[in-house]
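In C-alpha cells below, several structures.
What follows is a pair of complexes built around chain A, which joins chain B in one and chain C in the other.
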Partner chain A sequence: MKRESGALEYHWVLGYISSLMKESIQQPKPSKLSFRLQCLIVFALAFGCLANGQTYGSASHQATVQVSQVTLIQVSSGSVNLNISGANAVAGQNTMTANDQSTSLLWGTNVSQRKITAQTNLASSIFALKLLALSPTQGTAAPEITLNSTPWDLVLNIGKSSGSCQLQYTAVALASQGTGSDAHTISLTITVQ
Partner chain B sequence: MLFLSTTSFLIAMQHANAQPISISGNITMSITTGVAGGGLTSAVNTTITLSYRRQNALAKITVGTSCPAQSFTLKVLATSVTDGTGAPEVNLVNGMPATDFITSIPAKPPANVRTCTLQYTASSTFAQGNSIEDGNDVHTVTYTILAQ
Partner chain C sequence: MKTQILYIAKKTTKTLVAVLTMAAGLYAQGSSSQHSLILRVMELNKIGLIGGSLKLTIDKIHADQFAPTPAVNANTTLVWTSNGENKKITVASSNTHPKYALRAAPREMSPGAGKAASVVSFSDNKNHDFIVGVNRSAGKCVIQFTAAADVKQGIGIDTHLITFTITSS
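Let's turn to the complex of A and B:
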C-alpha cells in the first residue's frame, strides 16, 4: 500500500512540475515561479529513483572457493593373519589355501583418471599371496592378482569418487614348500590410470 | 547558478548519509582435506560483516551471485543480525534470482548502521573435482537492500 501511495505522490510531483514548466515558458523573466520549478526538478532528480524504484542500494564482493587435489585411501584394519594348517589340506592335493575377507578398503579422490594398485614389500616370499577387490562401489575390480614388489592394478576407473570395496586375501601354499611364514607389508595406492 | 548550488547541496546531503549497504571485504575459502570413503571437509568463513541502514520504508536484503562455470557449492547465512530477520541459509548458484537474505528491516529512525555476520560455507564432493583441473570458483556476491 505504501508503495502505491508513494508512486501516486511521485506522479503528482511530475504533473506539478509539468504545469510549472508551462507557466515558466510563458513568463518573460525569471521569477519565484522558476525558483520553485528548479527546486522541484532537483527534488525529483534526487528522490525520484527512490519513489519510483524499490532499490535503496547494493553492494558486492568476491568470495573465492579453492579446492585442493585431495586423495585419500585407508584400510579398515591394520593386519590380516592367514594360517594354512592341516584343516586346509586335502589328501592327494599339493595346493593348500587360506582365505580372508575381514578387511575393506576405503578411498576418496577428486582427481580425474585414477586407479588403485597393490604391491607388497616382500621381494621374495615362500608362499603366494593373492588379492582381489570384491564389490567396489566405484570403478571396476581387476582380476585377482598375486602380490609381488611390482604394483598391480586392483581397482580401475575409480574416477573422481568416494568408494569402498572388500579385500579378499588368499594365501596359497604347496605341500612341497614345507612350513614357514611370510610377513607382508602391503601398499595400496591411488595413482594415475 | 541557484540550480547548481541546490543540486550540490543535495548531493552533499546524500554523501553525508553514507551507503545504505556495504561489505567489509573479499574472502577466499580453501577445501584441503576429507575422509576416505566419505566426503571432503567443508570450509567455513565468518570474517565478513554486512552493514546496512534502515530506510524510509520497511525493507529487506536479497542476495544473488555471478559465478560462471561454477564447480563447487557455496552457501551463505546471516548470523548475529542486529535488525531484521535472517532467512534460512541460501545456496549460491550462478545466475540465481535474488533471494531473500534478511527481511523485515524496520523503517528509520534511527538510521545508524546495522550489521550481520556473513557465514559462508564452501563444500564439495570428491566427484565435483578440484581447482587445479577445473579452476577456482570466483563468486561476485551481490547484496541489495530494497523495499519489502
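Let's turn to the complex of A and C:
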C-alpha cells in the first residue's frame, strides 16, 4: 500500500510541474515572485514526494526468546506395596528381605550439574528400606542407600538431560524386630550437585 | 485524575495476575516427585532340618551290663526363624507303637533363641515340646537321637518319620 501511494504521488507531482511550466510559457508576463514561489513549492513538494517514493516502507519489532530453568521429575506409580512374608524368610537366618522393582523414575532438566536425591518422611522406621537406581539412561547410579529423613544421592551427573531409571526398593527386617508396618512417603528431588 | 488512577490500577492488576500465573506454572513443573511406600512385615515362622535321613544301628553290647549299647546320632541340625512371640517347637513321630526306645534332645542351642525342653521319648505319635520360649529369634541346635534296646526285645527295625513344628505356646 505504501509503495503504491508513493508512486501515485510521484506521477501527480510530475504532472503538476508540467502543467505549471506550460502555464508559465503561455502567460505573457508572469510575476517573478509568484513564479519563484511556485517553483519553490513545486520543488519542495517534488523532492518530498520523490524521497517518500524511494522508501517503500518497513516495520520492525524486537522478539526475545527466553528459556527458563525447566526441571521435571516424576515417578511412574503413586504407591508401592512391599510385603515381607514367609516366602522371604530362610530358617535359621535372622534377616528377611523383600524386593520391589515395579516403579520407574523419569526426569528432565535443562540445567547442568544436577543430581537426584531421595529421602523418606519417616524419621524413625521400624524396618530398613533401601533404594537403588537401576540402569539410569543418563547419569550414574549412586551406591544403594538406606532411606531416612536426610536426602541421599540416588543418581549423579544428570545435567541437561532427560532420562529414566528403575527404582529398586529392598526392605530388610530382622526376626527380632517382630511384625509391623512402615508407611513411607518417598521424595525424589533434582538438586544442585 | 480519577481516570488515570483507574487506568494504573487496571494495569497493576493485569501485571500481578501475569506474575502469579507464571509463578504457579513454575511451581507445577516442580523439581521433586513423591510416592508412597507401605512396607508390611507379616508374622512368619520357618523351620528346617539340615542333615536329612539318619540311621541308628544297635550292634554292640555292654559286657558288664549284658545290655545292648545305645546308638547315638548327632548329625542333624534343626534351624528356625520366627518373628512372632510365644512360640515353641514340638516334635512328633509317625510311629504309634515303636518296638525300641528312641529319644531326642536339643544340644548346642543358639543363645537367646529359646530354651531346651526335656528329653523327648517317642513312645507314641503325639507332639512333644522340644524347644520352648521362642520369641522373635532365629536359632539352631543339634538334635541328638539316642536309640536303645533290651536284649529281650530281640532284633528288628523301627521306622520313624520325625516332624518338628513351630507352634504357639
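Throughout what follows, the second predicted complex is superposed on the first by the 130 of 193 C-alpha atoms of A that agree within 3 Å, B and C clash if a C-alpha of one lies under 4 Å from a C-alpha of the other, contacts with A are read in each partner's own complex, and residues count from 1 in each chain.
In this text, a contact is a pair of C-beta atoms (placed from the backbone, for glycine too) under 8 Å apart; a residue touches a chain by one contact, two chains touch by 3 or more.
Being a predicted model, the structure only gives us computed values, none of them experimental.
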| item | value |
| --- | --- |
| Chain B versus chain C as contact partner of A:79, first or second or both or neither | second |
| Touched partner set for A:148, first chain B, second chain C, both or neither | neither |
| Which superposed partner A:110 touches (first chain B, second chain C, both, neither) | first |
| Chain B versus chain C as contact partner of A:70, first or second or both or neither | both |
| Which of chain B and chain C A:193 touches, first, second, both or neither | neither |
| Touched partner set for A:166, first chain B, second chain C, both or neither | neither |
| Which of chain B and chain C A:97 touches, first, second, both or neither | neither |
| Which of chain B and chain C A:56 touches, first, second, both or neither | first |
| Between chain B and chain C, more extensive residue contact with chain A | C |
| Chain A residues contacted in one complex by chain B, in the other by chain C | 68, 70, 72-74, 109 |
| Residues of chain C that touch chain A when the two form their complex | 26, 29-48, 79-85, 136-140 |
| Complex contacts: residues of chain A adjacent to chain C | 68, 70-75, 77-86, 88-94, 96, 98, 103, 105, 109, 120, 125-127, 129, 169, 171, 173-191 |
| Interface residues, chain A side, partner chain B - complex | 2-3, 6, 35, 38-39, 41-42, 45-46, 50, 54-70, 72-74, 106-112, 159-164 |
| Chain A-touching residues of chain B, taken from the complex the two chains share | 2-3, 6-7, 10-11, 14, 19-23, 25-40, 43, 48, 50, 55-59, 65, 71-72, 74, 76, 92, 120, 122, 124-133, 136-147 |
